[in-house]
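The data blocks that follow each hold one structure.
In what follows, chain A forms one complex with chain B and a second complex with chain C.
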Partner chain A sequence: MSAKKSLMYRLSNVPHQVIGALTLIVIALPYLMPVGIPLKITPYSEQFKAALDAVPEGGNVAFSLDSAMGGTTETGGMIRATIKYFIYDRPDVHIVMWGMHYDCVLVFNTFVADVLEDADYGKEVAWFGYIPGTDAAIAKLSDDLKGILSVDFYGTPVAQLEIMDNINGAPDFDLLLSFDTYGHADSYVGHWYERYKTKIAIGMLSGSIPVATMRFTAGQIVGFCGGVKGAAELEALLKYPGPAYTNYDVMNVANLFAIGLLLFGNITYFLTKKEER
Partner chain B sequence: MVLELGPLVGATLILMLFSWFLYKQTVLYDIAEGVLIGTGAGYSFIMGIKAVRDNAVLPLLRGETVWIIPIILGFVIYLQLSDETIHFSRIPIAIIIGVGTGLSVRRVLLAEIIAQTRASMIDFSALDTVGLINSILILVGTITTIAYFTLSREQTGAFGTVTRIGRLYLMATFGAMFGNAIFGNIAVVAGRVEEILRGFGLM
Partner chain C sequence: MSFIRRTEIPITIAAIMTLIMLLDLFTGDPTLRAASTMLQSWAIILAGFALGIGAVSLLRLHTTNIKRKRPGWYGSVLIIFFTAAVLVTGLMDLNLANPILRFILDNMYMRLYAAAWAFEGIFLIYGLYRAFKIRNLDSLILSVTAFFCIIRNAAVAEVFFGPAAFAPGTWILDVPNLGGIRALMIASSLGILMLGLRTLLGKERGYIRTGG
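After this line comes the complex of A and B, so read on.
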């Protein structure tokens, strides 16, 4: 008969189903009962907002929806706050939108479409949908935008869109915004910034923050907004509270739980190592 | 409480997928997985067809005859389905790889090598105290990390100390990236939990 195992040993061998269920409960609770953890605005988010503010009156902004739907827990809030800022606070700015990820149509319908109902389509804003070709397409867009964007998402020829009259490539944009979960922003930096010095600001997943910091330090981008926290900060700065602030609450609680699990796993491992042998 | 069909179906499918790690692989999980793969493939197919129509077929029909070339090359790729014609399919694939490589080389040289090298050349005299400390950390990190990948010399003695510092920088970087990736994945799960709660009208 095997020796009786200690409580610590049994705790260190909790079935993954229990940990999974606990994780879901911990994540669900702040959605049902918001904690309201205070939000501290970081200089990076302020720089991102400054980049939006720096677009001159009547300027042109390229808005690239490069997020997969799975990543919109992090990027959705920043997309929605940014498009609301331009449509409601800066109606003078022209917005040309497309996406390099094929989920962009879903992302557009979820976070952007209803806001654009308040804009003059064809004059203030245009939507071109999914552009295939990733790196090659991004390079071509920078040189000869109309060589790729011949019709908008709804099939209207580009010649009939007033907003496109004076836009032919990267030099005609005052800012490019890429909300990215797949590394397309790197292609924009390579083809739009390095060749034409187009100002670029990136919204991305928290996992991409180290690379974005490197690009920001090198002056390749004028701002970045990373993860749920960055999105919540941007919503607060732009004064358009949305899904990110709720998610920020959830992420704080969930992250503390994850850190707790990591500590618990390591402590029980070392305490029960002898017993394991 | 009014339940909408779309979110309700979405929430149910997410729960069916979660059954895999909350219990075990069940028929519910298999069904949800099949639905996910099927709809994903169907959606990608439609997006691909729309892209070809908007970017090549419509311009061709408007008289821009140059688009006949990529359309033909696109069809030639399908010749790899037969052993007798597979060699023709290598032509468009070679073009895709050639163009992709050419563009990547230019991009990587400009954005990753030249720009990053230039960014690590810092004017220390123009910095405040915090900027100076950060810049010294960047300089030390750049030199020691490059030293770590110098494999033509044994990493012992003083050189070994330098490469150990480089290894610490690498470990700190990987740790930060791993931490960010973990939290990113938690965000994905959080998004699905939110969809479940919304789907069942709980928030």
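After this line comes the complex of A and C, so read on.
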């Protein structure tokens, strides 16, 4: 009886090293043997795609890279799929890019730079790099964009960039996209939507979905794409499969494992309590 | 008391700035808008300086660690070395294309950053096993909510339970969660408004280190 009790007690107190090792194995399996779990597109991802499609011909899109590099396991896929969509499927659209997170240059080089090689720089697209100041910078960009963006990332004066001829602030953009891991999107809503009613769509971590849902239902944003699941759905919708689709398998298996652990932890806990009684 | 040490001066300046920003937001007057835009430019410049101040503070802290041979001082040596390496190689090519910099960024910074996040994931999973045990009504609600929200993210659950598997998780996110988040946001916005009002009236003195 005591050996049985001891076993149950041990099962309800598995060391974190064992759980960590099991997690690693579970996560590694889908990479070694892809499962190919079918993707179910949610209405939120469809609305994000609809917001991209709604940009009028020759329209202007502000593309804010606000992700930390560590967060790009979730946002990287959506950034890449979206920029590919605009460059390859909608070359008429003008893309003005900057970043509010100091990792933005890394994110740009990893997920965007090679795609932009196929675009006409200065006419179709411009890249301004990192802008410090977060909330104040976002407010200033909405009112007086050229007051901050006087030269692009490569040092070219803004007057020499044809794309910037008619862009002076938030009212000149048909859509603002913020791929965010640090809450910059809230500042965009505060300064760009509240003042100028600029359409905003957000790509972010799955943990930010509750706040994004609130903003979406309040009409402050026109769409959002959250986490690996949202990124994989967006890749599928835009027909540019990428890293998120691979990670989707892993996320599914990891979620099942998490549910299993939650149930296992409770079952062993109650059996231990029963034995104690 | 010396004139420049008088607390009334920073309080008055902060009150005027707050007033300009608030009036600009609520009136949209072009003169106030110009003043508010100028203030925002100042804030951006100050934010740029803040990065420099952060770097100086970091160097001061870690040089002191090395001088006093505090525990883990060798970590401070590494921090100073890599800060200098990234700064020098970054300044050599502002497009971040310097090969040494690229090596540091691609093979160290990005990998370690991703590893740190992944490490967090492992502890989250361990937390599900250890902390989500149903001991009382609160933990029951927490565990049931977690269960359905995780199910909602696992598309594979549909294979076992059909589309109904996602309904409880979606309801939790769309109804109680949405209501709670809205209440939280409205409450925090009112708090910010009160803070602005206290600053405007000179009641908020925490930022000038005199309490209040």
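Keep in mind that, in the parts below, the second predicted complex is superposed on the first by the 267 of 277 C-alpha atoms of A that agree within 3 Å, B and C clash if a C-alpha of one lies under 4 Å from a C-alpha of the other, contacts with A are read in each partner's own complex, and residues count from 1 in each chain.
As a working rule, contacts are C-beta pairs under 8 Å (C-beta built on N, C-alpha and C of every residue); 3 or more make two chains touch, one makes a residue touch a chain.
Since we're looking at a predicted model, the values are computed, not measured.
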{"item": "Touched partner set for A:14, first chain B, second chain C, both or neither", "value": "second"}
{"item": "Chain B versus chain C as contact partner of A:171, first or second or both or neither", "value": "neither"}
{"item": "Partner chain(s) touched by A:56 [first = chain B, second = chain C, both, neither]", "value": "neither"}
{"item": "Touching partner for A:23 - first (chain B), second (chain C), both, neither", "value": "both"}
{"item": "First, second, both or neither for A:39, with chain B first and chain C second", "value": "second"}
{"item": "Which superposed partner A:151 touches (first chain B, second chain C, both, neither)", "value": "first"}
{"item": "Contacts of A:247 with chain B and chain C, given as first, second, both or neither", "value": "first"}
{"item": "First (chain B), second (chain C), both or neither touched by A:219", "value": "first"}
{"item": "Common interface positions of chain A, toward chain B and toward chain C", "value": "16, 20, 23-24, 70-71, 73, 102, 105, 131-132, 136, 139, 148, 155, 206, 209-210, 214, 217, 227, 251, 254-255, 258"}
{"item": "Sites on chain B touched by chain A in the complex", "value": "18, 21-23, 43-44, 47-48, 50-51, 54-55, 58-59, 62, 64, 99-100, 103-104, 106-108, 110-112, 115-116, 118-119, 138, 173, 176-177, 180-184, 186-191, 193-194, 196-197, 202-203"}
{"item": "Residue ranges of chain A touching chain B (in the complex, touch as defined)", "value": "16-17, 20-21, 23-24, 27-28, 31-32, 70-74, 102, 105, 129-132, 135-136, 139, 148, 150-151, 155, 157, 186-187, 189-191, 193-195, 205-210, 214, 217-220, 227-228, 243, 246-247, 250-251, 254-255, 258"}
{"item": "Touching residues (chain side chain C, partner chain A) in the complex", "value": "33, 36-37, 40-41, 43-44, 47-48, 50-51, 94-96, 105, 109-110, 113-114, 116-117, 121-123, 125-126, 128-130, 132-134, 143, 146-147, 150-151, 153-158, 173-174, 177-178, 181-182, 185"}
{"item": "Contact set on chain A toward chain C in their complex", "value": "14, 16, 19-20, 23-24, 35, 37-40, 68-71, 73, 102, 105-106, 109-110, 131-134, 136-137, 139-140, 143-144, 147-148, 153-155, 206, 209-211, 213-214, 217, 227, 229, 248, 251-259, 261-262, 264-266, 269-270"}
